[in-house]
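In the two complexes that follow, chain A is the common piece, with chain B as its partner first and chain C second.
Moving on to the complex of A and B:
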């Protein structure tokens, strides 16, 4: 689980509007903190599907599953089982 | 009582009044605000103001008349009517600019309104421009790699976003395949395909802009835009496409106000009833399906309430939505507004001061 979280964090550091030195807590909102925008979200979904070889059903494309590090990590853990 | 962004004052009767700014910018008691009434009121005065604005701008630009792209939709029908009322049919020129994927009704309704107003018009199909850039082929390739079962012989296509109010899903675009009027498949678009697709699709509106200016410059006319406030706030127009015009009379009028104007101006009922659409997909895709994600009367009330800082409970009473949905919708609107700042921005100028 920690490995997944760190992987997503590294991706966001390299590919989002996250400023250097920003400390991102597990429950912080990625959209409300301006870390990803609508295109960034689509790119993040692509990254998750490719990296973890998963398909995300449409009904799981919810803000709860994608707006925080914890939500994303939980989603990947569930789908990668 | 929860107050969001508005003031509370004690009236002489001792009642609590909720103060918000109305359309004229004055502070008024908003506790009984009926947003739809506000948006539907004084269509006659609004029409007069808009005609005055159009006249003023055309005069300031020293132009002799107005060119309009007539799409068969309500915005261009209202704009055309106002221009004819202000300048006379002799000084207004209509352009029907269909392409291969346009709905046949767009051309028919566009021609009808021009003829009913006695306006000279011309049909200039833009398909050759689109074809010369390989747009249709490239679009086809994206649809094929997104939807493996796609067969152009049997499927129409559409780009859609999930409904906001009922599904609560993220703003993730999907390609929909339609066979005999029924949706038979739906696939998520990858980010790079979505970006390429938007660039390809926007060539349609940008081609129309080129043709409109070709005619406007020949006639020494100005090009009148039709983007309304709902579209402007949400960035629902193409930069240097339908946004590439000389004046935007509707940019401070919500779509609901355009409907009120259309009724006041007695625009063809068929145009009023037709669901608004960018009309760029082989399956007629409404603005509600791709962009608004909710009915226009709800969206406009939410935008109006946000603009006028109406209290949450007034917005609840008006829209019939629960407060958590309203708050989510407002956050969604804020994000869309932020992410489309670039679309609305004029090229920034550097003033070196040397």
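Moving on to the complex of A and C:
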């Protein structure tokens, strides 16, 4: 779990979605905190599918699953089995 | 700290958020950059062909195509129809109130040559001017990464295009929306959407508009909620085939000019179709201190689509003062003369 979370966090920092020093809590909204918008989301989703070799069913492309570190981590854990 | 420039691309440590590794001499984008291999490209192209074959012929159109009339989109439309002649394409040109006459002539010409339908999407000039004025006057309205990709004005414009083309795809029951982004601009060739996701990104853009002070109650810039409700079983997918094809600016220009595409006499090295672009760059530079094309050009250089010298030259070229002034006047914005 921690590993996935840190992987996503590194991706967000490496790709200039957020400053290196930013503190982001697990449940913070990525969109409401101005880290990601609709175009950035597409890139993030693509990155997740590639990196974790998962296919995300369409009905799972929801804010609950993608708008926070916790949501994303849970989703990947569930799908990457 | 003295300024460090990336050895590979055109980014440097003066741009906020860019770090150059002193040991490798590379920016963190170049350090982690992994290009698509030719095998991966081939796989993606095969996948796209399969998708075209599987889903074409179902709706009024197979493809809604974003045609700016510039060289890249003109070329992409031509090659798309050459490689997949069976596709029924509706090319949509968004006239943002600053589309050059050349771009309109070129777009229509390309549609004629390729046998595609042409549709000019436009809105009242005042509405558009107001939108871009608000974008120009906004500060930090976009996420950090979006600010790096393009100017605030371009971000707003491209978002409107995405919204309205997706809307058109749903209305026409077309399974694909195709954009002519290069590998430097968009590394993802196939993007599958869902109704949920389309709704979500629409709402995100609505908030974005509100943030810059635009209340789009009539859904002029947004996908209409009414339309989203009618998404059929399959939501449209977005395709970026140009990032899978071999690309060089010279080859692209040569190909389209042979077809009768006319090079514009706009004095803007980064846009051959939009007379607002110089102002948008000027506005971004003033607000944030770096060129909005820096990342775009860095991507092209990194992927080998443009030489580093050429990239640096583009970034250091002076913006056209007459174009800036003309746009500022239309938007009723005062500019600082430097």
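The definition used in the following text is that the second predicted complex is superposed on the first by the 78 of 81 C-alpha atoms of A that agree within 3 Å, B and C clash if a C-alpha of one lies under 4 Å from a C-alpha of the other, contacts with A are read in each partner's own complex, and residues count from 1 in each chain.
Simple rule for what comes next: a contact is a pair of C-beta atoms (placed from the backbone, for glycine too) under 8 Å apart; a residue touches a chain by one contact, two chains touch by 3 or more.
Just so we're clear, the structure is a prediction, and the values are computed from it rather than from any experiment.
Undergrad: Judging by the criteria at the top, classify the pair chain B and chain C on chain A as clash or fit.
TA: clash
Undergrad: Name the chain, either chain B or chain C, that contacts more residues of chain A.
TA: C
Undergrad: Kindly classify A:28 by the partners it touches after superposition: chain B alone (first), chain C alone (second), both, or neither?
TA: Touch status of A:28: no partner.
Undergrad: Which of the two partners, first being chain B and second being chain C, lies in contact with A:14: first, second, both, or neither?
TA: In the superposed model, A:14 contacts chain C only, not chain B.
Undergrad: Which of the two partners, first being chain B and second being chain C, lies in contact with A:37: first, second, both, or neither?
TA: A:37 contacts both chain B and chain C.
Undergrad: Which residues of chain A are in contact with chain B in one complex and with chain C in the other?
TA: Dual-contact residues (chain A): 31, 34, 37-39, 41-43, 46, 58-59, 61-63.
Undergrad: Using the touch definition from the top, list the residues of chain C that touch chain A in their complex.
TA: 17-18, 28-29, 32, 142-146, 148-149, 159, 162, 188, 191-197, 200-202, 204-205, 207-208, 235, 238
Undergrad: Which stretch or stretches of chain B touch chain A in the complex?
TA: 162, 168-174, 186, 188-192, 194-195, 328, 331, 335-336, 338-339
Undergrad: Hey, which residues of chain A end up touching chain C in the complex?
TA: Against chain C, chain A makes touches at 14-19, 31, 34-43, 46, 58-59, 61-63.
Undergrad: Which of the residues in chain A come into contact with chain B in the complex?
TA: 31-32, 34, 37-39, 41-43, 45-46, 58-59, 61-63, 66
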